[in-house]
Amino acid sequence: MATSTKSNPGNFFEDFKPGETLIHATPQTVTEGDIALYRALTGNRYAQYSSAEFAKAAGLPGLCVDPLHAFHIVFGKTVPDISLNAVANLGYADGRILRPVEPGDTLRASSEVIGVKENSNGKTGVVWVRTKGVNQRGEEVITYVRWVMINKRDAASPAPEEIVPSLPSAVAPADLTGFPEMKSWPFAQSGSRHVFEDYEVGEKINHVDGMTVEEAEHQIATRLYQNTAKVHFDAHGQKASRFGKRLIYGGVVISIARSLAFNGLENAGQILAINAGTHVNPLFAGDTIYAWSEVLTKAELSETCGALRLRLVAVKDADPGAFIYKDEAGKHDPRVLLDFDYWAAIPRAR
Amino acid sequence: MATSTKSNPGNFFEDFKPGETLIHATPQTVTEGDIALYRALTGNRYAQYSSAEFAKAAGLPGLCVDPLHAFHIVFGKTVPDISLNAVANLGYADGRILRPVEPGDTLRASSEVIGVKENSNGKTGVVWVRTKGVNQRGEEVITYVRWVMINKRDAASPAPEEIVPSLPSAVAPADLTGFPEMKSWPFAQSGSRHVFEDYEVGEKINHVDGMTVEEAEHQIATRLYQNTAKVHFDAHGQKASRFGKRLIYGGVVISIARSLAFNGLENAGQILAINAGTHVNPLFAGDTIYAWSEVLTKAELSETCGALRLRLVAVKDADPGAFIYKDEAGKHDPRVLLDFDYWAAIPRAR
Amino acid sequence: MATSTKSNPGNFFEDFKPGETLIHATPQTVTEGDIALYRALTGNRYAQYSSAEFAKAAGLPGLCVDPLHAFHIVFGKTVPDISLNAVANLGYADGRILRPVEPGDTLRASSEVIGVKENSNGKTGVVWVRTKGVNQRGEEVITYVRWVMINKRDAASPAPEEIVPSLPSAVAPADLTGFPEMKSWPFAQSGSRHVFEDYEVGEKINHVDGMTVEEAEHQIATRLYQNTAKVHFDAHGQKASRFGKRLIYGGVVISIARSLAFNGLENAGQILAINAGTHVNPLFAGDTIYAWSEVLTKAELSETCGALRLRLVAVKDADPGAFIYKDEAGKHDPRVLLDFDYWAAIPRAR
């Protein structure tokens, strides 16, 4: 009896055809158990994602899944089809949080191939996909574009027609949706009195606290999202890799940095859009994450709600108050882990 | 004031009387929180245990507890009464999954002593128990036979009358119950199109991926099931033991190996019966689990549902594609962790 | 653009004004997910906090949050306001468990400053606060007094008028509330037949089992309660500290010791009051916790329910059967981690 060929070998560069849509396994029902675990793994303290009563006062339907959590769940589903043979995760763009995800909702994910470009070495290529997460009613809850460098199955395969999608550098304020009425915000319980008007463009915030990540923690988090990329789990296999050990899923860094950002951005807990994100350097177990933020721009969305466009920078084993970022040539400092650009809703002054 | 004698010293070989039933503490209500944790600790991705909508389409009442998870809960309850003074867990047989366990159900466990046999050394004996897990309505949800080698309290105690139960080498197909109607299986979301008819007897499947287990992970999982066997938790006490360190609960190996088996057995997510199981070698924190499967036999259960009898082999720090198993003398390779024989339901071709 | 001053610098000794009340962020809705995690992180097996059916039979409204779990949640909220600049956590007193916390309840916390006393060194002072945890209906669920040594912002600040609150050495039996009718206690499922009358004053119970704590475990637990004290999380920052590494939150020790105490106190699962607590020595990852208890006094609360006043002593890497405690001078043995004094309800003989 021959060996089975039923295991998934993943897709290679040649397999991605612009215009085609991949439907990803496995749909996942998100529960209060997921929310408790997300808090326990990241330190999430934003009041509207911690308290059902605060959530209602903040314009949400009740205790909901943090949008970053929803992002990780949708992202996790795409791994077996998109990035099993990826060399590098190159970037995100045009990420939009469209609807709250409530306990009991089931998330499914699909990705449309929107661009392909073979690299000059003939061995790899870049693939752009637009991924959508929908709930059990078929309503879109999140969408984003991601591009990855993927190995070719066969270097001799002809290069496909090059299609490079045009992507916005940031979601335009007019395209921000899903922000709530914020007129009855319970400031006494949120941890801060700071509102939209208190933040200035260019302001840099030192989030002070640090969080060290253990192997068990990132593995538990990454499995929570059903992300199965082997580099995060297989210590034995990783011995032969470039770093010789497990790499921590970049989403773990995003969520921990964002949780640290509570200290200074207490009322900006609701992410509306992900403009861009770069995993500058890998994080390994035992490293400590610190974070700082910069206010890039501001936008008034309604009478009660504004939006801050924020750069969130995570650094490794270094003082976040030093605001370490890039050198004069525009190259990221080697201590930078993450450079993340997003919009968050925040109540306006009354 | 003398010291209390209220702590549980566990049962010794002499305490097990054939025909007697032990009622185990502590009943446990299983919730969506348990399901989220089980996923996060094992990497479970079988669609019918991940999505409430998929579960309903797959003939289950909704999001349910994975049968292996229910097995670990029931098993965990038996430890203080059955195996506190055990020398070795020798085997399982005739395990049957009788009913789905839904969030909110409360599981209780009891064990009937069905066999005893003193060993020739006069210091230990083998005890066979049939364990049953019932829900809050008193319905049986799982039953299995387990046998363990247990220390005698006193080597001078006379040997009991030998009773060795007759056990089936596997649950007969006609005895498989609890399999659902599978006619509207959502293949697009399950991760694979492979059905009952696609698997051949003798086929070996390399599940490819590996998962490294940390001390924190197995401890959290084992406590989730309320299994308190001290060898899993007490690093200080284990220094004086044979291995000098904590042993990982064998159920952790079963569940992780079974989760890895998703890659190649995507539609065979529902376990119907446990035929046999041997923990061939111990797993320690830092080791990486890989798994492969072999199709032992097949059985048609209904127009829409078939069953695969599968051997699941977990190996440690070794290529699962090498299908490492036994030598010519029939002895397991030292890299084998687990040799597990079970039936799983799978949809038939339409 | 100057750096933001929006991060929380914490309060210093001068900031605490007797009579003032601090409202703490972040309100937290507690769910079945929290309960599952608490069990998985501590090993909690008390039947009334494990089974919804047992809970109802034991006089609770259903599956509830363990009172220690509720305590940690309320305590965690106070950290950013009370102990961010603390030198030491000095003690607890007059802790009362007033109402069950059910899944879906939202806990909020506030603290009234009830005492201040500058130390003779002029650099630090002691602050006493009475903390209250209330649910979403504004009902008090827990209250306790805690005192901490806190740094002065400026050693030159004048000393405040000294106010030292008068605190009971223990909650009087007449002040114990929240104990249930216990007449239909399901002894067969609780793990023990021992009732109120079986315990004698002065009786010492060896809880036998040990539990080793990993970095990931205490971090996950401490984040579950939204306690953000940096000493528990920031390995990089802690390198420059006295111990050179992360300290484990004392509440982790309390909960694990209390879970180990199941073995010998199976029917005394419901804590009614916290009389006192001292974290004698720090716990670090890799250490193993053992525990023993002493019955200090007893009180009849009703026809069906009694209360045991218990001393729970946690020791590190040492035999709990040696009942290690204090030397002749009344100084705690260096192996003692925790000296905890509380009241627990237990059914009376029928």
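By written order: A, B and C. Residues from 1 in each chain.
As a working rule, a contact is a pair of C-beta atoms (placed from the backbone, for glycine too) under 8 Å apart; a residue touches a chain by one contact, two chains touch by 3 or more.
Keep in mind that this is a model prediction, so the values were computed, not measured.
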item	value
Touch-based graph of the chains, sorted into line, ring, star, complete or other	complete
Homomeric contact subunit A-subunit C: same or different residue positions, threshold half	different
Separation of mean Cα positions, subunit C and subunit A [Å, integer]	36
Residue numbers of subunit A (touch at least two other chains)	31-34, 36-37, 214-217, 220
Of all residues in subunit A, those that touch subunit B in their complex	1-4, 6-8, 23, 25-29, 31-34, 36-37, 80, 103-104, 106, 108, 136, 214-217, 219-221, 223-224, 226, 228, 230, 233-237, 246
Of all residues in subunit A, those that touch subunit C in their complex	31-37, 39-43, 45-47, 50-54, 63, 188-192, 194, 198, 200-212, 214-217, 220, 263-266, 286-288, 317, 321, 323
